[in-house]
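Two complexes are shown next, each including chain A; its partner changes from chain B in the first to chain C in the second.
After this line comes the complex of A and B, so read on.
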């Protein structure tokens, strides 16, 4: 088990390095002189006083003239030691700003996820246990419909109904529990289709196995079959699904956070894109991927400890 | 005759999602094609004297903040939203299938390198990577297509590689190799035709999500630019007016929901019909 975990940690580390390299390269391909971008942020509204000498100074300061691979190496060395660079716009360390935003995104995302989980997992299990029944058809239809709603539009519709017409809820702010309702619902509706479909499809697969037929033929009642034989075998896929969804929380709410002015990492990333704040973008992207990779790692370890086939075989497929 | 009708009824009942989905997709494509010639208003004609008129006989979905007919703009917008998604899915599938077949067929180091690349691409959250690419390339419809394609191809590549590996074990590939076909010929005439069915299922299933992703990017102002009637952009423009004129926001959103719903039903239906297990593999992404 320990050997398996160590192997996964090493693999995750390399994926993270590769992800940070790829995003560094993509961001470096941006047109325009980065030094000029930095100076424009420093002298907002006074672009005309930027001299070539300043551009050169800034280039040297931020090491912008050296080859890309050396720039990346410098970033990586810093990043491993906890220095993620300085934001061009806010002029504070990228890492400290990201750390201050993570709790907001995580809290909102986890609330939405648990709501989605509580609704869709029982639905998925029931639908699969009564496959092709009326409930199965209706719940599939409804969840496919949920999956067809653009989240930014849903957010606006909720604002129109609950904030403008009914005047029940506030649009923005983070102070009261009421502020969680609309962004939470928007995120939840986006999560339900995936959680439902994966629960339903893995449960249907389990229900088609020989051991379920055996349980039936020895005279167990349907509730006994589900509780004693089916649920245990659905658990690994449901855990994997939950891990994937939780891993997506950090990156999944750019739009929702932007609309509801939620001070999380998604809003931070959006703002950094709009203001071309590259160190901030790089920091956000690496953090979001890190969240995903950590979630995947935990999923692998948990499912491996449940299911010996994965631990010994090394692969879920 | 009666037998055939019964058979058809049976087919419809067994594949209700496919039947409903394909009818709706045909209706939407029909509206998209015929609609513009029925529009009596120019979707981009600004007329401030008629701004923010609520839905009426003349303007069924009302007019927007520049006095433009919202219905006309929604119909014209369908061309952009659906067009972008189709281009992304087709180009993405082409690149992905090429990479996947090459990786699966070549094996060894080529396979390892290509698949590591695919894994890295898949460990980025899709929207975030598209945002990064757009942050670099700048805004616009073409860049939006590039960004979405860069995100999508890896999904198809992984699937195509898996399917190629399955097909490679078949006797007919060995027979084709034994009679001395070139590698290119084996790939083009033996592997490709045998995996294209699965690819089409996954491609159809991804049209809806790609329409949503494209609209989201345009909503953020990173895709289509003003005065394009792209749905995401229309919703973004309307949001300043949701108090006085909510229809500017509601109409394009409804159009997006209906379109994506139709494509999703079609995709799910085709998936149910052809190979339920395959669809489950795609859902795990």
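After this line comes the complex of A and C, so read on.
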């Protein structure tokens, strides 16, 4: 098990390096003069008049004239030594700003995730155990319906109903537990359909296996079949899906964070891309990737501990 | 055995994730939670104004985020202020004069103290200006300042590398807001802006982007009427409108155009619309389809600006007669470039040799259809709407317009690279400084990026002359001549003056519009009940 874990950690490190390199190259190739963007976002208004001399000054100031690969190497050397650079726009160390945003993103995301998990996993299990029943049809319809609602629209409707009409909840801010409710619901509604459908389809597949038929023929009751045979086999799929969702959480949500003025990492990344704040972009992307990698690492370890075929490199079939 | 192991693993991981979430959410020293909810008890004791700011508050550096710190938070002040006609009036400098073409001497106001209690004297002012020049190199380019020194207890001398008749006007730039040395720590790291303004910074949370300022009881001028102002960055216009409607904020700027009438009809909300020193304008590609002046004039005549101002912008803006608005002291009021005459436009196109020879509805000449790309960007919400309206209006003239939106920095690159374009629609600031030539130089001077290839030796010479004319009245006169030439040549067409819609909670009163502000600047005697 330890050997398995060490191999995964080493692989994760190289994945992180590859992600940072790719993101740097791709973002550098995006249209728009980097010096002009930095100039207009940091020193003058974004659509104010530009002087050639200022463009050249900014290029020199931020070392934009050197080859891309050297710029990346300079960033990587600093990052490996714990220096993620200083944001062009915010003029503060990248890491300190990211660190200050992570709790807000993570806390909101985890609340939404656990709420979605508690609702959708039992729903998915029940719907699969009673396939083609009334509950199955209704729950599928409801989840497709909510899954189809764009989150910006849902957020605005929730604000109009609960903040304007009923005046129960605040629109923006972070000071009170009430502030979590609307952004939490908006995020949760987006998570439920995926979790529900994966749980339902995994459970349906398991329920069609020979060992379930054998269990039935032995005379076990449906609750016994589900708890003793089905759940253990559904768990790897649900845990993998949960890992993906948790990894996704650290990426934040630009829409939800913008509408509810939530100080998360998603908006920070979006703004840094728009203003070509390279150190901040790299910092956000590496942090988000790290979140995914840690989540996936945990999924691998958990599923390997549940299913020995995984850690031994064998096949499920 | 296996079941117990699974259970143990699952519960362990779930517990760890929960614990991590809770620990990180509650334990970060870098992210103190700042409530935007007014505390009921505090509200009874003090007057608090909550502002929904339209940009994200990324920082409060008094040089690079000077507009926020000076105009929206009233923390810093500048040497030269401006009145509603954009004429200079004394600020932290009581008077100024030029001793030769390259030297300006400013007399500093006496008896003014910074928020940290230190005196604002010539030494402090010279340090502050030198600091601004070091932090923001674009200020050197725009002013040509070569040295700043204290030449008396209350006298600062500024030398320029080239004659700059408008140096006092540039001292109005918010980046030149005067700050105390205590703004930075001993290692030179920025801490908080310490200015001389009617308000001083109380707290700023870099993570949440919430800035709180409190009144400066030692302010030398009109005493502030509001105790505390909380400014929260809300970049989504709909959120600002909803926060205003719910009573969470008392004042905001730029609510969605199409929401202004609905909000204004509500009892507790008031919408006020004003025109700012910014213009929706179009640079024409004079090196290609618009090389003929008659074609440029025809395009301008085909634009129905009244419809755009009233129906497209919902009244958030007004018809542009030229680049300036008539409240500016140097505006050439004799110019009226807003005529809408489609028949005359068609006639001019015919005179320029363009006709619809194949009857497809679009003009053509020597086998080339009059087709071009109109480029704009989306950061200013009025631009894409105006672009679509212009596409339809110019079609009436027989011009085939393809609208493209891209990032504003990509537009400069697109045009410089020689790719096809016909019109570039932007929302340009006409008075970053209250200068009668700043905008003209940048839009019409041959070597400037923003002139996009337009070149006219006569124009260049007049601009040079204007920049070095030290007599204000004479400088305004030259500016008016440049405006007339520019509107006659028409390399840039002006569509509408940029409007803002301010939203107020009914309890806010006595707001006085400041036309020199870039988004808004509230007055110290604003009232909140």
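Keep in mind that, in the parts below, the second predicted complex is superposed on the first by the 275 of 317 C-alpha atoms of A that agree within 3 Å, B and C clash if a C-alpha of one lies under 4 Å from a C-alpha of the other, contacts with A are read in each partner's own complex, and residues count from 1 in each chain.
Criterion: a contact is a pair of C-beta atoms (placed from the backbone, for glycine too) under 8 Å apart; a residue touches a chain by one contact, two chains touch by 3 or more.
Computed from a predicted model, the values in this text were never measured in an experiment.
Student: Determine, under the contact definition given at the top, whether A:269 touches first (chain B), second (chain C), both, or neither.
Tutor: Once the two structures are laid over each other on A, A:269 reaches chain B alone.
Student: Should A:106 be classified as contacting the first partner (chain B), the second (chain C), both, or neither?
Tutor: The answer is second: A:106 touches chain C but not chain B.
Student: In the superposed arrangement, does A:51 touch chain B (first), chain C (second), both or neither?
Tutor: A:51: touches chain C, not chain B.
Student: Touch check for A:285: first (chain B), second (chain C), both, or neither?
Tutor: first
Student: More residues of chain A are touched by which partner: chain B or chain C?
Tutor: Chain A has more residues touched by C than by the other partner.
Student: Just to be sure I read the superposition right, which of the two partners does A:229 touch: chain B = first, chain C = second, or both, or neither?
Tutor: A:229 contacts neither chain B nor chain C.
Student: Does the superposition put A:151 against chain B (first), chain C (second), both, or neither?
Tutor: A:151 contacts chain B only, not chain C.
Student: After the superposition on A, what does A:160 contact: first (chain B), second (chain C), both or neither?
Tutor: In the superposition, A:160 touches chain B and chain C alike.
Student: Output check: A:246 vs chain B and chain C. Expected answer is one of first, second, both, neither. What do you get?
Tutor: A:246 sits against chain C, while chain B stays out of touch.
Student: Which partner does A:258 contact after superposing on A: first (chain B), second (chain C), both, neither?
Tutor: A:258 sits against chain B and chain C alike.
Student: Residues on chain A in contact with chain B in one complex and with chain C in the other?
Tutor: 31, 156, 159-160, 164, 258, 276
Student: Where on chain A does chain B make contact in their complex?
Tutor: Within the complex, chain A touches chain B at residues 15, 18-19, 22-23, 26-27, 29-31, 137, 140-141, 144-145, 147-153, 156-157, 159-160, 164, 194, 197-198, 201-202, 205, 240, 248, 250-252, 254-255, 258, 269-270, 273, 276, 281, 284-285, 288-289, 292-293, 296.
Student: In their complex, what parts of chain A are in touch with chain C?
Tutor: 31-34, 36-37, 39-40, 42-55, 57-58, 61, 89-92, 96-97, 99-104, 106-107, 110-111, 114, 156, 159-160, 163-164, 167, 170-176, 232, 235, 239, 246, 258-261, 263, 267, 271, 274, 276, 298, 302, 305-306
Student: Give the list of chain C residues in touch with chain A in this complex.
Tutor: 3, 5-6, 9-10, 13, 17-18, 20-22, 24-28, 30-31, 33-37, 56, 58-59, 61, 64, 67, 136-138, 141-142, 190, 206-209, 232-236, 238-239, 242-243, 245-246, 248, 377, 379-380, 406-410, 412-414, 426-429, 432, 438-439, 442-443, 447-450, 518
Student: In their complex, what parts of chain B are in touch with chain A?
Tutor: Counting only chain B, the residues touching chain A are 16-17, 116, 119-120, 123-125, 127-129, 131-138, 208-209, 212, 215-216, 219-220, 222, 231-232, 235-236, 239, 242-243, 246, 249-250, 252-253, 256-258, 260-261, 264-265, 268, 276, 279-280, 283-284.
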